[in-house]
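Structure, as structure tokens:
Note that the chains are named A, B and C in the order they appear, and that numbering of residues resets to 1 at the start of each chain.
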Amino acid sequence: MRRWAADVPFWSAVPFVIVVAALAALPLSLRISPYERNLVTVAFLMISGALAWNWMGGYLGQVSFGHAAMFGLGGFVAARLMLHENPAPAPIAWLLGGIAAGVFSLGAHPMLRLRGPYFSIATIGVGEASRLLFTYWEEFTGGASGVSLPIDIGMKARLYWWALGLAALVVTASFVIRRSTLGLQLLAIKADVDAAADVGVNATFYQDLVMVLSGAVVGITGGLWASFFSFIEPADMFGFDRSIGFVLMSVIGGVGTVLGPVLGAVVFVLLRQFLLASYPQLYLGLYGILLILIILFEPLGLTGLGLRLARAVRRRRRAPGVVAAP
Amino acid sequence: MTKPPLLATRAVSKHFGGLKAVDEVDLELAQGEILGVIGPNGAGKTTLFSLIAGSIQPTSGEVLMRGHEVSGRPAYRLVRAGVVRTHQLVRPFPNLTVAENVTVGAIHGAWRDEASPRARAAEVLEFVGLAERANELPGTLTLAGRKRLELARALAIVPLVLMLDEVIAGVNPVEAMKLAALIRRIRDERGVSIVMIEHVMPAVMSLSDRIAVLDHGKKIAEGKPAEVAANPLVVEAYLGKGAAEEGATPA
Amino acid sequence: MDRFVDLAVSAVLLAGLYATMAYGLGLIYGVLRVVNLAHGGVIMAGAYLGWILHGWAGLDPYLSIPLVVGATFLLGMAMYRVLVRHLPRGPAGGPASLLLLFGVWLVLRNVAYLLFTGNDQVIRTSYSTHALPLLGSFVSVNRLAVLAIAVVTPALLHLVLRRTYLGRAIRAVAQNADSCTLVGIDVERIYTLTFGIGTALAGLAGLLSATIFSFNPGFGSGELLKSFVVVVLGGLGSVFGTGVAALILAIVEVFAILVMPSYLTAAVGFVMLVLVLVLRPGGLFGQRVLG
């Protein structure tokens, strides 16, 4: 498991800045169609969500099947604030949605003493209960008919940069956490809560902290999502499929890494778009097969596959014509 | 008024249902002392450690640090107060390298001096003799190596009191001698006071300034190693009734 | 008062079904320490198997029990042999096995979509609408039959675990797999069989459910979570505990209708799941030993 501990070295900040700048300039070129721009915007949002999920699932080892609760709450709080008679400016609404989601996730504090599968199963319960309760609460979520926001073409275009900014911020945060002593302590908690306490790590505090941060970021993502689609309904925003989406993106890309959820989100969004267009009846099963293959053969997902390829290439370059010793 | 001892327990007890695992035990540890805790299996030694280190709450009695009550505090807070323990079964973080394992410990000791966690971790690894293995995973170490790692992780916190639960047991005789020497150096060179549970009698007899003997949760004897070894109650606890009359010594 | 009796009777009828599902999940966890997230998928598969046999071969759902149980038993053994066997167990392997079996569930769901579309189905028999007067209320014959089977099955299984060599071997493996290897028990074989038995119970529960409720490829997720509640409440592999827990869950669910809109009653199970997990710090399935 050691190999991913430093999968992104510090100098990668340079290419990272270049990539972000290039992506920011992309819609200014005439080559990109609105359809493509929208697709990339969705990918940015999913990158943020997947990375935030990964703080819990990857760094802390608490696999959540209930993150849709925070996504939905953030989305609906933001939507309601924007629909208020004194509408909040969108960024403020998103932020407040995120804060609401963060506070909400703090409610899961008693669940944190559960670990491994126990925690995961409890999150299924929380996620599904939230879906039912919020769907029932029609004044807030509009029930089965959902909530519509005024359509704003300009905002939809601008959201490209907002989403890019959020994704860049979350990537940076993921990287900083991973490299800091905070990240080290999270990994220690993941490995052995009691042993972590024996070296002075306040496991309860850090688990709460990460859960709130993760929930808040997913909530902000939900708010941007609401603005982007101008229409949200609880069955989708709080749906189990959304929670699964966060899990799948991280696991497909490489759980616990920084690069993994980014790759996973991009693949997830593209695959979804392609499959829904061409083979809508196959899309769940394909994710299932992908999940099975990854767990069985490459627990680090695409990142692990990439590292494996890189090692193979390096080995061949170093010793041309020589059979590698075991 | 005399200065209160570094660490003390006052009539501390832990009952599990009807079982008195630890029964009104008084202990004192002075600055710079090595206190050995011995006793037959099931005497309550590890439970006593857990009571002091905060992982379990005493049923009654109290644990004092420099005269202040600390009983029942969560483990991580006792660690930050300077009471650090190791476990009989070593538990390194398997997903972190040897150096990272020690760095995790150094994070919360950092308030005591200026060195960065990583720098302190490097220094401690040098001290226990694991510097060359710094970038390996703990799984590649021998048992003795993992015990050294456990010591390093504890030392990185810069403890006032180190509580060692059978650090020496289980390794081969050569390694056992090296570990005993290391424990002595921890006290001599770093000024750390030590409480140690140990089954390896030669080691505990030679290392300890004082020894406390537990049996069935009670402290049945306390004193210098030679006195304790000659105490008939102790001999009886280890070898059963009748053994004391034959003049056997615990070994 | 009539309403009360009606509700009590339907709670008891429901409890049998819950117990059957939960027993399978608990058995697999108790022996292998693997949480079978594909359990819901197998429940769904059992329902569709019964539906095919009834619709295409005209086989009565009760006569198709051996076929459905046999098929899901084989499915379970295959799942263990091909997939689960390759994973690390215990706390370290927890998330991995969870995700793997979740993948299996997604595949099962997708296969069902491909074969049967997403439409709701139900198994209708000539006696579906027959009812008997009981305690001043009318009880569907079919539901009584389901309850009878749901009571007999775990009881039989309990006997198997207590009295037969295989049962003793399963219980021994649940307690300490390493020592079992030493005394010559083929632990892998026991694991395979246990996974098969646990899965077959899910298949049976699915078939029985299909005679009462409508189902589609998404069927089984609620059932999975209810099984969790029962296992957590009732302890591991204890037939009595499972039965009592199933009854508690069914009563709470059924009587929730009196105090909240029917739409929300499904949430009761989820809330119970979280509460039970959090309030039982010993962990999901407690420490009780199988038997």
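Just a few scattered comments:
Definition applied: contacts are C-beta pairs under 8 Å (C-beta built on N, C-alpha and C of every residue); 3 or more make two chains touch, one makes a residue touch a chain.
The shown structure was predicted, so the numbers you read here are calculated from the model rather than taken from an experiment.
Viewed as a contact network, the protein chains form an open path, each link joining two chains that touch. Among the pairs A-C and A-B, the greater number of C-beta contacts is found at A-C. Comparing each chain's Cα centroid with the centroid of every protein Cα atom identifies chain A as the most central. At the far end from chain C, in terms of centres built from Cα atoms, lies B.
Work out the mean CA point of chain B and of chain C, and you get 49 Å between them. In terms of their C-alpha centroids, the spacing between chain A and chain C amounts to 32 Å.
Chain A and chain B have Cα centroids separated by 44 Å. For chain C, residues touching at least two other chains: there are none.
By the touch criterion given at the top, residues 1-2, 5, 181, 184-185, 187-188, 190-192, 194-203 of chain A touch chain B in their complex.
Listing the residues of chain A that touch chain C in their complex gives 57, 61, 63, 110-111, 113-118, 120-122, 124-126, 128-129, 132-133, 135-136, 240, 244, 247, 251, 281-292, 295-296, 299. Across the complex, chain A is touched by residues 35, 83, 86-87, 91, 94-100, 102-107, 109-111, 113-114, 221, 225, 228, 261, 263-264, 266-267, 270-271, 273-274, 277-278, 281, 283-284 of chain C. The touching residues of chain B, when paired with chain A in their complex, are 53, 55, 74-77, 79-80, 84-87, 91-97, 100, 103-105, 107-109, 117, 137, 153-154, 156-157.
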